[in-house]
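Here the chain labels run A, B and C in written order, and each chain numbers its own residues starting at 1.
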């Protein structure tokens, strides 16, 4: 099979998947967890427990506060201590439920046996309801509630679901590990989503820098023998895991500016989401665990880990379990080094979408002094959306809103390719993000006024 | 030789005449009739085009002022009452006197008061920084210190003090146009009444966290204890969301709250020196 | 413990820098410069060193004392301009001509526009053209100084292009073009060996410093235009291969026209730029009063770059295919 990749732009940063060989370990329970109510895109959940309440693993502690919102469950058993604002990794105040851990008692409905249930349910609405009740969100980075994405608006129909196993960000290896260790469960999860979307085609896309994962997934798929499902091997290039890029790479279709992937008949879900769907539907287990990578550019192999964590664990606790924050780390990133967030507050707790703790040295991450644009066009060559970052940057500085819209600032996916390749160290993404925000606000404003 | 000379002069002169004629005709045809008063009003305005009045610039303001039935909604904060009086004379309108205002920064999170807990390494822009995270201190409400307000000020009235990391307002230059209040992503700058002889009392903090957290974040933060509200004889102080606020329309500058505040978050500026204690406060706020 | 850094994404950088890109171009020029040194000896070394030295010094002085922005000073970029300027002059150019050329290149063409990245015209070409029209004698004295390898049996005389212009195309009909391409003493330093320049250019392509579209379109246009004319009247118009290898076309197309700052930013814009450039080169060579037109063509096309950038944009995602 010939290897595909997306057609426009892209970069090849150093792979740096140092922790690819580290088997997933289960973290012990901390004495106390802080469960954030804003673990998903959309409205934060509303806490439905009060201090003093006893909770078990899997008890609902937060209810969705809107259409785009999600349930939050207790990751531990114990007593609710406080329900109060607490700082998240960016230092912003977010409602948290603090639970003191007592034992490890799970809700009776959760199937904790290791058996793999291969039988795929057929009641679409019941499955969607299960996914919603389990609080499953997209684990590829955006944490968009899965049940909303899997239930496209009437009139639009999916003809292909893409399971994103590309993990194109450098350093991250957690998706790689689950594909090696739990391939059948991922494939069953994919098949469930395939059923929900009306039996469309399903493609599991994996980049060619993960041969073990490809082999393991192929073997599992052959064992299960599902029809209408295939594994596509993609040529490594960042940002392959971007929704629009993946659709371009696998289906050779492009989502129109401002439209959703469903408009070209595609739904994209991450492999970790597929696993969460499997657990939610077949095992009744809500989304309270996920896999994360502990890695860094100068971290010795002994410090590299892939962990199965429970949400609400303080990041500092997780870092301690992995041997503490290394001396050299000048920046801690949660998520990949290209699109992840820098951790401003290590006391914050892990959330559903936490993908890593990445320790970067000063040499690797400290920004250099901004120079003058030499018009080399490397930013435009690397932009996977075909934009001209140098131009949008200039228009943003000049405050030319109409010009920014014409240059399609609103299509920026903030992948960081332009800034990564800029020889003059111009902070393009910082400014492009602002430009995008301004144009989006303007478009929204216009739409509201038009009505 | 003479022939060439004459030809050259003739052609150039002819060309000049024809082009002048074209320009004249175009100017005549496309002439825009404008109310002459707009020009007069615009000349009376300060001409800074700061946008503080809510219009795009001085010309837009003059245009709106001429077309409006009265001057109630049009006030040039930069020119103040003097300029508005002139504008009113030109247009034959009444003008409402407005109290002069001045920009006031409601944050005292200097480097000394508010320890930095991380190092920001992005674009030096408050907007970008605020979009990224809560800031490089434990106070998610305080000044980010990147100087967007300084850049927004058209009058050079703001400057960043490298020692405190906070912007400072030069009262003699501030025209209360309000550009900085819009530029600050945290909404820390407020336009307050300038007060008699520029004397003002205000809460120099915008932190809405509980007192416990505020204390941890900043030595000078309002903890919302409410002592000031209790002591105020004029009912000018309200405490909401753990933050005291002094209503400048009610404040009579008695300074009882200043003495009562356990943190020193209430600042009294430009008061004549009476007691050594007040002087300390004054110096602190002027630094 | 030191405070952790917090910044927006991305958290990594390619470690490309303006200086490293310029360094790559200088490395790409190395084979050509080495050949110059071998063939022209000490005069070539002097010329290269003087020109690069003057340019760096002038840029530093202007950045420090006139613009008061020391950060704008980029030694590798200035040195590159200097080296290109040297390659655009005959090996016997006197030192004061070099100095004037450097002042014009850096001071007038680059720094007066605001320095790095702001200039409209290619600095090295501007310097050369200024010298060519101001000091034609120094710039067209094609003496060949003693080199380190004496086996080169070169004689001083007019360049091939000049010969074609003065005595007609038929006089250069029997020139060994392969030899001209590999080694052709006489003319500007950069006209010595097209092969060495192309080797350097391949290095640039491999390092992804430049893209091949501009030189390719220049070469193709030159071939096309000269083929048409040559077929019409071979006695008056020189042939396509001759026009490719003679003169400074390879240097101009590969190293001067591809200058980031003064060339279009989109691929298709680059093609238009190259086509226009190739066409103007041929028009000057065939009909102009100068035997060589690459420098003038580059300057003329430099002026069109803002327009080309305005007209040609990249293909955006999600606007073409549904």
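By our rule, a residue touches a chain if its C-beta (ideal position, glycine included) is under 8 Å from a C-beta of that chain, and two chains touch if they have at least 3 such contacts.
The shown structure was predicted, so the numbers you read here are calculated from the model rather than taken from an experiment.
*Asks:* Going by CA means, which chain is nearest the middle of everything shown?
*Replies:* Ranked by how close its C-alpha centre lies to the overall one, first comes A.
*Asks:* Hey, which pair has more contacts between C-betas, A-C or A-B?
*Replies:* A-C
*Asks:* Tell me, please, which chain's centre (mean of its C-alpha atoms) is farthest from the centre of chain A?
*Replies:* C
*Asks:* So what's the Cα centroid distance for chain B and chain C, whole Å?
*Replies:* It comes to 53 Å between the two C-alpha centres.
*Asks:* Measure off the straight-line distance from the CA centroid of chain A to the CA centroid of chain C, and report it in whole Å.
*Replies:* 48
*Asks:* Would you kindly tell me how far, in whole Å, the mean C-alpha position of chain B lies from that of chain A?
*Replies:* That gives a centre separation of 42 Å.
*Asks:* Counting only residues that touch at least 2 other chains, which ones in chain A make the list?
*Replies:* Each of 331, 341-342, 344, 366-367, 427, 430, 433 in chain A touches at least two other chains.
*Asks:* Show the residues in chain B shared as contacts by 2 or more other chains, in ascending order.
*Replies:* 117-118, 121-123, 128, 132-133, 136
*Asks:* Chain C: which residues touch two or more other chains?
*Replies:* In chain C, 2, 4-8 touch at least two other chains.
*Asks:* In the complex, go through chain B and note every residue touching chain C.
*Replies:* Where chain B meets chain C, its residues are 116-123, 128, 132-133, 136.
*Asks:* Which residues, counting only chain C, touch chain B once they are in their complex?
*Replies:* Interface residues on the chain C side: 2-8.
*Asks:* Would you tell me which residues of chain A are touching chain B in their complex?
*Replies:* 87, 90-93, 331, 341-342, 344, 366-367, 427, 430-431, 433-434, 437
*Asks:* Once bound in the complex, which stretches of chain C touch chain A?
*Replies:* Touching chain A from chain C are residues 2, 4-14, 16-18, 20-21, 71-72, 74, 115-118, 260-261, 263, 265-266, 313-322.
*Asks:* Which residues of chain A touch chain C in the complex?
*Replies:* 8, 11, 13, 170, 244, 248, 252-257, 259, 264, 329-333, 337-344, 346, 358, 360, 362, 364-369, 371-378, 380, 383-388, 390, 408, 411, 414-417, 419-425, 427, 429-430, 433
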